[in-house]
Every structure is written in C-alpha cells, then in structure tokens.
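Structures follow.
Shared between the two complexes below is chain A, which pairs with chain B and chain C, respectively.
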Partner chain A sequence: MSAPVLTDTDAPAPATERPAVRLLRGLLPYVLALVLAFAVSGVVIAALGYDVVEAYRTIVTTSFRTGFGFTETLTKWVPLTLLALGFTIPLAVGRFNIGGEGQLLVGATAAAGVGIVYADLPTAVLLPLVVLAGVLSGAVWAGIAAFLMGRFRVNEILSTVLLNFVSFQVLDYAATEVWSDPAAGVAATQRVGEGAELPVLGGPPGVHAGILLALLVAAVTTVVTRRTAAGFELRAAGANPRAAAINGIRVEKVAVVALVVGGALGGLAGALEVGGVHGRAIEGMQSNFLLLGIIIGLIARGSALWVPVVAFGIAILEVGASSMQRTVGVPAEMVLIIEALILIFLLLSDVIAGRLARRVT
Partner chain B sequence: MSGATAVGPAGGAAPGRDRPLTMSGISKSFGPVRALTDADLELATGEVHGLVGGNGAGKTTLMNVLYGLYRADSGEIRVDGREVHIRSPRDAIALGIGMVHQHLLQVSSYTVLENVVLGTSAGSGGLRGAARRITELSDRFGLAVDPRARTDRLSVGARQRVEILKVLYRGARVLVLDEPTTNLTPQEVDGLFASLRGIVAEGTSVVFISHKAREVLAICDRISVMRDGRRIATVLRSATDATGLASLMVGELVGEQTSEVAAALGVGAVGEVPAAPPAEQRRPDAGRVRLAVSGVTADNDHGVPALRGLGLEVRAGEVVGVAGVAGNGQVELAEVLAGVRPVRAGSVAVDGTDLAGAPTRRWLSTGVAYVPEDRHRDGILGAGTVADNLLLGAQRRADNRRAGLIDWRRVREHARDTIERYSIKTPGPDAMAGNLSGGNIQRLVLARAFDREPAVLVLQNPTRGLDLRSTRFVYDRVHEARDRGCAVVLISEDLDELSLLADRMVVLYSGEVVGERARGDYDVYELGRLMAGVREDA
Partner chain C sequence: MTEFAALAQLTVVAMVPYLLASLGTMLGGLTGVFSVSQEGVMLLGAAIGFLVSYGTGSTTIGILLAAGTGAVFGAALGWATTVLRLDQFVVGLALFFAATGLAGLLYRIVIGQGATTPRVDTLPRLEIPLLSDVPVLGTALFSHNVLVYLAALLAVAAWFFLYRTRAGLDLRSVGENPKAADSLGIPVVRNRLWTATVGGALMAVAGAYLPLVYTGTYTDSIVGGRGWLAIALTFFGGWRPQFIVLGALFFAAMDVVALRAEVAGIDIPSQVLLVVPYVATLLVMVFAFRWAKVPEFLGRNYDRESRTA
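What follows is the complex of A and B.
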C-alpha cells in the first residue's frame, strides 16, 4: 500500500461515470479479495480435517443469531474502530502509529486509577473524568513518541512499538502494586466505582454507551479530514510533504499533532474498555486490537468513512471465530489468517488493476 | 513524408553513397500516448545532424529507440545498409552507436579513466594503455580532461567531455548528443562545437538533439525537424535560417507569433545582445524596492554553506535574472527567497518587512509566490485533485471557508474559473493533478502563485521541459506580473531565457553574486566568464 490517497475514492465524484457504477467498480476488488480469502482458508480448514461449511456458517452467523452474539460484536467494534482510526490519522501524514495497544493500556490504567481513587463520585462527574483521563494519558503516551519524532527525528515506528512494552509494565505496576485486586484471579486492578461505569444501551445484554462515543469520533474524523483546513493540511502533508511545506504547511507540526490525536483515540479505547466492558484494567485486555486495527486501517485505505464499516466486518469474524473454535474445533487463529489474506489479496488487486489499466488503454 | 523537404547530404562534406545509419517507419506508443508515428532519419558519414523540435516532438524517444533503451513497436533500423535489431544499449554499442544523455550517468567516486573503461574489456594495454588512448583522444579532439581526476570533482562541462570520450573510446561511428548544451557556459559550448567538428572530420557522424534553433544553426550540417512524433522536414544548414526553422518546429503558429516563438527559442542571440527591450522602454529604477536581500548565508541539504553573504535588490516592476551554472546555489537561493529554507545570517525584506526566520506561511501572506524548479516534486500534490492543488496554501483564507469548514463548492467554482483563465487542459476540478502534462502542471502552479497577488515572484527554470506554447504562456505571465508592479526574480540556467526576460542580470557563482549587468549591457561570453568563476578584476 502506497501513501494514502488525498481524495478518497468515495469523495464527491466527477460526473464521468454514474455513482452506482463507480461504487460497484470500487467494491469489486473488495468482494474478490473476500471471496478468495475465504476460498484459500477453506482449503486449509478442509486440509486440517474440519467441516468447512459448518465452520464458515458459524463464523458468519454467530453475530446475528443471538442477542449475545450481536452485543459481543458491537462491543468488539468499539476498540477496533478507535485503534484503526488511531492508526489511520497519523498514516494520512505518512507516519505509523504502531503504539495503539500501549496507548490503550495506559489509557485504561489511568481511567481505572481515576475510577478507583474517586470511586464515590457520582456518574455525572466521575464518568467524564474517567474518559478524559484515558484520552489525555493516551495522548501523552503517544506524545512522547511525537516529541521525539518532531524534535530529534526519532523514527516513530520504533518509539511507538517500544512504548508498548513500557506500557505493559505500567499496567503491571498498577495492577500488582498500586490498586491490585488479589481476589480477581488474574493480574488486574480493583473494580472502579459504579459512577465510572458506562450506561448500557438496550438489552439485555445491551451495549455500553461507549459505542456512541466511537461513532461520534468516526463521524468527526471524517468531517475534519474532508472539510476543515486542518484536515486538508493533514492530507496535503501526507500527499507531498515538500509541496505542502512550500505552501506554508508545517509538515512536522501536523505530523506531531496527528500522532498525538491517534494516541488520544487509543487512550479513549482503553477508558471505554474499563468503563464499559471490564470495570477494571486487566493485563492482556489489549487482546490483538492493535494488529486488527492496523489491518482495518489498511483495508479501509485510510478512509475514516470506511474504517467503521471494515471494523464491523472484522468484529463479526472475530466473534464468529471463538464460536467456531467451540463448536467445530477449528482454531480461532484461523480467522487471523482469513483477515490477513483479505488484506493481501486486496493489495494484490492494486497491482493487478494497475497492470490491467496499462494494458487496456 | 508528404511535404517534407528531402535534401541530400551537406554539399561540401560529400560523404558519397554510404549510409552509416537509416531509421525508417519507427513507431512507438506508451500506453495511449503515441510518441513516434512512422518516424525516420538518415545520417550521412561525417556530418553533424541536428534533430530539433519542441518538447514531446519525439527527438529523444527516437534516439532512445536507436540506443536500445526503448523497443520500437514497428520500423526498421539499418547500419551501413544492413538491417539490425537493437535490443539493448549493449547491442547499440556493439554496432558503433554511442549516446550521451542529458543527465550524465557516471560513477561519481570513480576516476575519469575508470568511468571511461567501465563496461569495456580493458583491452591489450590494460589500464595504462587505456589511459594513453584517452589522453590521445582528448588531445586529438580538444576534449581536455585529466584521466586521473575523480569524476565528482569535475565541472558539468568536463563530465560531459568524459561521456563523449567514453563513446569515442568504444569506437563509436554514430555519436548521439541529447541536449548537450544544457548547463554549459557559452565558452564551453564553443569548445564542444570545436570538438564536434574534429570528430566528424574523422568520419564519425553526430546526431545533435536540441530544441534551440540557434545552436543547431551554429553547428549542424543538416537539420531534421520533428513535430508530433514525425520527422517533418530535413533541411540543409545553408538553405535555412532561424525563422524558417522556428516555423517548421512550431508549424501552426504564424506571423507575429512565430517571431516571438523564435525569440523564445533563443534565435538571434548568437553571442550578441539579444532581442531589443520591450517597446515602452521601461525604467526599472523607477519602482520602489520590494525585495531587499542582504548578507544572506544559508546551507544546502548537507549542511554545507551554499549561499555566502548574498545581496540582491529587486524593484517593483523589475525582472531580475539570476544566471549561473547549475549547482552554484540556485536551488538554495530560490528556497531562501520562498521562505522554505532557513537562513544562517542576513535578512530578506519584502516591502520593508524582514521575513528571515519567519514561518513559510508568513512569507506567503506577505506576498511571496514561488514557482519551483521541480514542479512534480515541489509544486503539486500528485494524488490530489486540481481543486485541491489550487486551494493549497489558501485553505485558511476567509473566502475559502464557511462556518469554519472549507467551502468546497466555492473552491470548485474558483478552480473551474481558473482552469478556464489559465487554459489548463483537464477534465475538471476533480481530475487528479498528477495526470496533467508538464505544461499544464506549470499553468496550475502559476495560477496558484498569481492567485496570491504576489509582491515578489520567484521562479526557477520555469520553462524547463515545456513545449513552446506553454513556454510562451509562462513568459506572458512573467510580463504580466512585472506590469502589475511585482518584483520578479527569475533564476534560470538558460541564458537566452534570461536575456529575453530580465531587465537586469546577476551572476551567481559559488553562492555569491559575482557580477551584475543591466539589460543590453553585456555579451554572453562576458557572462560565461562570470559563470565560470573568472573574477571581474581578473
């Protein structure tokens, strides 16, 4: 995947083709990549001696068959979307935020800390504080990498990855020394106060209200990148840093801000996991959200409009995978292979489309 | 071939019937673009054959086919009457065809000797024998160069001589030179021409690619004119003149336009004062000083000082040309004047405000507009739309925004209007800018610059690689800026362009202004000496 395109493919179109035709043409490689990825994985599953049809049926239908499945899917969707956006926003300026899980963990730790220390405060006060603590600490965490990048040109890929390891220790310290909960059975902090818990929508089982925040973030990101001067500068700086600088855009500053914003979203994801899912910060709560966030961001080609959609698809696969493992016995990791194959085939389709375009014209 | 003036080889040289090279029916397409359509060329022994035409006429493509860099879709090449198939430069070299490219491809840390023998089997005498042959060749043809010198220490002119020596060393009988005078001082051009005369006198044929009628007329025996991928005509040097050649090159332009284009081509600037200044005899000293540069010191990208205490003043309505051989601080000067490159010392004042150290955004808002040399790299967002690119830099201006958001409807409207006024060839505001041709990208960059109503306009090599129409368009815009009272700095390696446009000329050498001449008060040799670093008082 090359640099993200400045004008998204789904931006207002020139009137050369009918919008519907354009959309179909744009979706075609996605559909093909999806079909191919499932086909190849099917061969692998069959080779392993499992029932392919049953495995796929489980993957696809789990999310929709029961309320629990759907709730789980939506709950997974929240951190996936936020981490994907936290990856794609710096990516728009050509910077790689590989620190999503560190930002999530630090955000979760700070959110849990606030939720524990001020456990007695009412929801109206405590909940915003918890969310704010997550956002700010995520921003600060990414800010370390951003500062090193802006000031000393330290490669942000290295610094964000390395900060992930530091974040494990931060959470470990909080979970075992500061607010440890021996009764939890795993390395985890104590539970936050009731006022720190996100209200539940619908149900039972229902989805925590963090989903609204994630939706809002996705919408705001789309509007900001497309319609504001700051977003334009972000895209310009990514498309051609030299031309952008010559035209008065401070590329390095834009990159620093983008990385900090990305970190803030990671921190927000951490706070929402604490307030909406676990009620505490737990070691290992980052799951494989970072990796999936990157895959989502790349499949969506950096488009803030498509990230939530792709994230939903990935969440379905993830939820279906654990169910598949339980019922059919296929290892849940198989789904990671499917996701990776989707991305690979999508990237291949770029190459192929390029060749075709050259041959046809 | 209809309408072509087919003429025999140059009278005096009388090379008889032998044809070292004939190309016929050569066609070549790149995707949808037809670069060559049934092009042909015939060389005589011992002639300098000019190959002229505007940009995109197909000159270089035709020669790249000959040199095996491109495979033609169809057509036939004959060497000494025998049909040959050239699949790679190796084949071409084996057939005695050598080419010197516009951009010299050399291993810069090698010596001249090593670069010359690179890719050849050292032969009987080993390296020492090779060195002797190089010295012998360079003496014989006046291609002065020390075989033991490291290539990166040499001037552009000397490095070009190395390339020619390399071709001769391999025993080429056809030498192709692609725009060889770019980056040479007038003295070096004279030296090159003298060497070429010596080379053809020994029976080698030279193809001299150029878009400058003046140079072609000065050196060639016969001249083939290409246009739109075809050879339009071949004429004897003795049977044509600058205007005749220019009208062949341009074709459809007529009358007054032709003479202007001829001027643009550098016709009539043969070592003398160029075309008369514009009729209205403007007095450049009448305007107030809009740009005042003093004592500016700045580093290049590698932290090495590139500008050393440079001073320059430009008045309203004045075009100041900055001449010099590439690599003497032009890029750094342009970027300092555009507010992109930080200065170590000195001041750059625009209308009395010192902008040194201020962020680029302030330079823009104070009225500095910059047309960079490399328009693809520095000028546009290739993946952005035309509208994106026209907005770039003005995205925070109040008239482009509504309720805090960019008013895309207005931006597109404005883009449509600009596309029309600047005759940018594009499907519309939403087309990708990277797909535009070079000339249209330059129009876009100029449109953006003028949209800022600049107080100071800085241009670097603004017509490089442009066809005649776009070149003329750029010149018209420069005049327009000047007439509006803008202070224009034109940094160019093209002396003809500078002579045509500049009211005053300064020469940049090694990061300093080493000389200044008013319009009409110099000849190009004098400038050449300054460009080569010969001091005024020497």
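What follows is the complex of A and C.
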C-alpha cells in the first residue's frame, strides 16, 4: 500500500525531448479527459431531453457574465483550494485525508464559538483569534486520526472519515444546545460579533479577505514542498518510504505531521466560511466541499502549484451547476458526474500516454 | 423477555447491510482488490432499488437491478486495477464520486425536485413455520424479511467456499502471494475480476436494503456512513466471514442501543448517542489493527512482468 500514488509530473523528461513536446504530453491527458467527460455527459443530458448547448453554456459562462457570479466563484474557490491542499499534503506521503469535511465543521464550530463568546472584542483582536481557533481545532481533529495512525497503525482513511460523522454531531450540539439561534430558521449558531467578520475586498458584491489567506497558504505550500528540506522529506517519504527511512527520515512522523497540517487547513477553511460567508456556523455548510477537494487534489496530481488552478475550474463548474439547474432544469448532480468523469478519463489517458511513450522510446 | 426478543430482532434486521457490504469488501480484498467506494455504491444501490421498486412495484426487480449496477462498479474497479493497473484508492474514490452523483441524479430525474417524498412498500416478514413459534429465539431469528435469511446463508456459504474448497484456497492465495499463485497456474486477474464484481453487487444490495426494509423512502443521506463502517468492520473481522458476522452483530447492536436510548428518553444529549457507533468503531480499530490478519497483497496491484513484487 506504499507505492507512490500518483505519477510524478515534476520528474524531468528525457533530455532529448523538446519543451513543446513535453508540454503537449503534459497537457494532452487533460484535454482528452475534459473533452471525453463533457462528451459523455452531453450524451446523457441530451438523452434526458434537455438542451445540451444551453446547459453547457450556462455552466461555463455563469461565472463570467455578472460580477455576482464571479464573486460567488471566488468565494467558493477559497474552501475548495484549502480542502484540496489539506488532502494533497498528506497524499504526498501516501496517506489519504478523507476528513476535510469534519475538519472544516469543527473549525467552523470553534471559530463561531470564539466569535460569539468574545463578540465585543475589536476586529484587530477578535479576527485573528477566530481564525486561530479554526486552524487549531482542525489540526486537533485531524490529530486524533494522526495519533491513532502513528501510535496504533489505525488506517487513516477510516479514522478521518469516521470523525466526519462525529463532527456533524459536534456542530449540531453547538447549534442546538450551546449557542442556538431559533430565529435562524435552520440549525445554526448565533451570529458572531462584528469584529469576527472578515473585511470585504472590492465590490459590491466583493470577496471576503480570506481569499488572500488562501492564496498565501497555496503559495507557501508550493514553496515549502518544492524548495525546503521539510518538503523534500515529505516527498521522499512518499516516493520511497524504505529508501527514505534508510536515509534517516522518520517516515511515520512525517506522515503524522502532514495529516495534522492537512487538518489545520480544513479548520482554516471552516473559520473563513464563518468569518467571510455565513457569519455563523450552519449545519450543511460543508456542502460537498470534501468530495470536490479530493477530486481537485487528484486532478492536480497532488501538485500544490496546480491545486489553485484546478480549484478555480471546479468552482466555475459548481457555480454554473446551480444556475443550470434553475434555468435549463438539469439536476445539479450532473456536474458531480462530469467532475468524476474528468478524473476517471484523466486516469485512463495516463495509461494511454504511458503506452504511447513506451512505444516511442 | 419479549422486550429482549424485540431488541434482538431489531439487531438482526440492522445487521444485514453491514454484513452484506462487509462480505463484499472481504471478497474483493481476499484477492487483493481493496474497494473504498462502498459508501457511494451503497447509495447508488439504495437509489436504484428504491426507484425500480417504485416504478415497477416489484421489490425483487429493484434489488436485482441494484445488484447489477453494483456489479458494474465492482467490475470497473477490478478492470482498472488489474488490466490497467491504476492505483486502487484513486480509482475507488473516483467510482465513489461517480456513484454518489449518479444516485442523486437518478432520483432527481425520476422523482423530480419537488418537496414530496414518495414511498414504496417495505419487504414483508417471512415467518418460518414452526421455528418462528419458539419463544424469544423464534422472534429474534426466524421472523424476518427474506434478505436476512439470504445474508445469513451467504455468510455460511462464503465461509465454506473460502475455507473448505480448493477454489477458495486458490482465491485466497491470490491475495496473499499473487506471484506464487500465478506460477501455479491460478488465474490472478480472473479471480480479482470476479471477486471485485460480486463484491460490488453485494455492496449495492446492502444499500438497496436501506430504503426497501428500513424506511420505504430515499434520501441522499440514507447510507449515513455505513459504507465506511463496513470497511472498518472488515478489518475488525480479520477478513474472515465468521468474525465479520460477529462484528456486524456488534455494529448493529450499537445502532439499536443508540436508537433505544433516545426513544427511552434517557437524559443524555441525543448527539452523544448518535456518535456512539463511530467512536466505538474508532476505539475498536485500535485493537482490530493489531490482531487482524490482512491479506498480504491488499490494495496492491499485481504485475506479472515485474521482478520486484
């Protein structure tokens, strides 16, 4: 179970290959996957009796037609990027963090709790506290799974997933027993104090300032994984655990730390959703960010550099999906199938590309 | 005593989805194909089982079509990881997403997006003559829907096949040491393909059980983590049918206890009761991963031409 999970796209190509050929070989699977996924889904949509052209036009253009659509896309991009990074960082060591949902919800609950209890504090004090509460509780939540994995060898896929189901009840308890707000109409906590709300950039409608934090996190992750000793240990432990261990890298410890860091990013996503979008913790606020984060991480092949780019594409599809459901009538679930198909076809094109490469050389 | 019989009966009813999904996981895993798409395949099985029963009025057709769909997903996992040798977890996750999306999509297409939730008739009880008249045991064991009996038979059959027949031994050798199995002429890929396929079918039937026995309705959250719990249960049961049955009983008992405590109005926050199965599973896994013997090649692909594996 320890073989490298994804093909390493950073590996230098044969020296004889021209850059143009290399670029083509890198891009070709993506183009193929996108075209095939949309083609297959198009057949399904048409077979259901909907207008394919109109459906796809809505999906692709909603984000760019209005300022509101674009803002919504950027707002969605923030948790998607953070959860995807929270998935890919442990993935670099060959560990699967399927607990982004739980880490987000626990982070959101803690952030909302701090924002409610210390509602009177000024922004300069309260906002950092709220974000910190989210990050720490996300890290602790993933830390439970990391501890069970490091100490008792409990499979992290299972422990992180099971903690998701526990987190639903943590939020439910906070939203119905501790800080309940009966006026909200849904199960939700009270609103956080004004000092806990993230400033809005640009607009109206504008994007909350959490987007800057997410950009920063993505940049830092890229630099750390590619340019530092810690990042090297992370990649070495994932690529060949035995070789890494022989060379003095404590693989198990690296894996535990990677999982905790992944959890911290999930918690951060939760805090930013509270401070920037909802102003409170709401049941169901996790949407399907977990699935999407994993899909993004896998499509980006674990690369921190590409995660934000892929996340932007997925955010466009997601914002387009709800618009498509409203105007064309195609259920929004269709988009989840398109996304899953992109991933599946990407995996298949890798196989084809691999066979072609072998034939050429 | 009747109270106990009623609880025991509920436990047996609640045990079936765990048992079926876990047996499906075990079957694929014994040849080395580790599925992580249970949660999605179960949801898809639930959707198809519900929708087909709703459309045709026949629960049997619903269950059979659900099984067929699950078999397709299992076969896809088997094909992608043997013929194409793609990473098992990545393919499993991709199939999980596809199945989840498909389940929601099918329901929305057939039923629409309105607020009404249609119902189907749940499976009737089949009281086994004479045996069901035995006090306590009769109620607990012999007055159930047909799937309960089938699941029990299946567990026994699986045990007999795997541990008392030559083909079963061959099958297990594929998951322990495919290279050795291959050198003895045991078809590695064929074994992996059929176990993954049947495994997928069992998971989907486990899912179809939920609307067709429990609720009579479908919701997107109907599986509620049972697919993931089934994986934990398979480890807990040491990948052996006889222990998986015991594990499934334990998981089901926790479900029933949590439910009963809530109904009885015991003064504990309901949230605490609802997390009991998940927390207990986490604790159990601490021990399960120590003693459980996992198939040596679980989750790893076999390449006949490779010299290292």
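Operating definition for what follows: the second predicted complex is superposed on the first by the 340 of 361 C-alpha atoms of A that agree within 3 Å, B and C clash if a C-alpha of one lies under 4 Å from a C-alpha of the other, contacts with A are read in each partner's own complex, and residues count from 1 in each chain.
The rule we apply is simple: a contact is a pair of C-beta atoms (placed from the backbone, for glycine too) under 8 Å apart; a residue touches a chain by one contact, two chains touch by 3 or more.
This structure is a prediction, so every number in the text was calculated from the model and none was measured.
Asker: For A:239, is the partner it touches chain B (first), chain C (second), both, or none of the two (neither)?
Answerer: Once the two structures are laid over each other on A, A:239 reaches chain B alone.
Asker: With both complexes overlaid on chain A, does A:66 touch chain B (first), chain C (second), both or neither?
Answerer: A:66 contacts neither chain B nor chain C.
Asker: Is it chain B or chain C that touches the larger share of residues in chain A?
Answerer: Here the partner covering more residues of chain A is C.
Asker: Contacts for A:337 in the overlay, against chain B (first) and chain C (second): which applies, first, second, both or neither?
Answerer: The answer is second: A:337 touches chain C but not chain B.
Asker: Return first, second, both or neither, reflecting whether A:148 touches chain B, chain C, both chains, or no partner chain.
Answerer: second
Asker: Residues of chain A that sit at the chain B interface in one complex and at the chain C interface in the other, please.
Answerer: 3, 5-6
Asker: For a test of understanding, state which residues of chain B touch chain A in their complex under the given definition.
Answerer: Those residues of chain B that touch chain A are 31-32, 338, 340, 359-361, 363-364, 370, 372, 377-385, 388, 391-393, 395-396, 401, 404-406, 408, 427-428, 430-432, 448.
Asker: So in the complex, which bits of chain A are touching chain C?
Answerer: Going through chain A, the ones touching chain C are 1, 3, 5-6, 48, 96, 144, 148, 152-155, 157-159, 161-166, 169-170, 172-173, 177, 291, 294-295, 298, 325, 331, 333-337, 339-341, 343-344, 347-348, 350-351.
Asker: What does chain C use to touch chain A in their complex?
Answerer: Chain C reaches chain A through residues 36, 80, 84, 86-87, 89-91, 93-95, 97-98, 100-102, 104-105, 108-109, 113, 224-225, 228-229, 231-232, 235, 269, 271-272, 274-275, 278-279, 281-282, 285-286, 289-290, 298-300.
Asker: Would you pull the chain A residues touching chain B in the complex into a rising list?
Answerer: Spelled out, the residues of chain A in touch with chain B are 3, 5-7, 12-14, 16, 223, 227-229, 232-233, 235-236, 239-240, 242-250, 358, 361.
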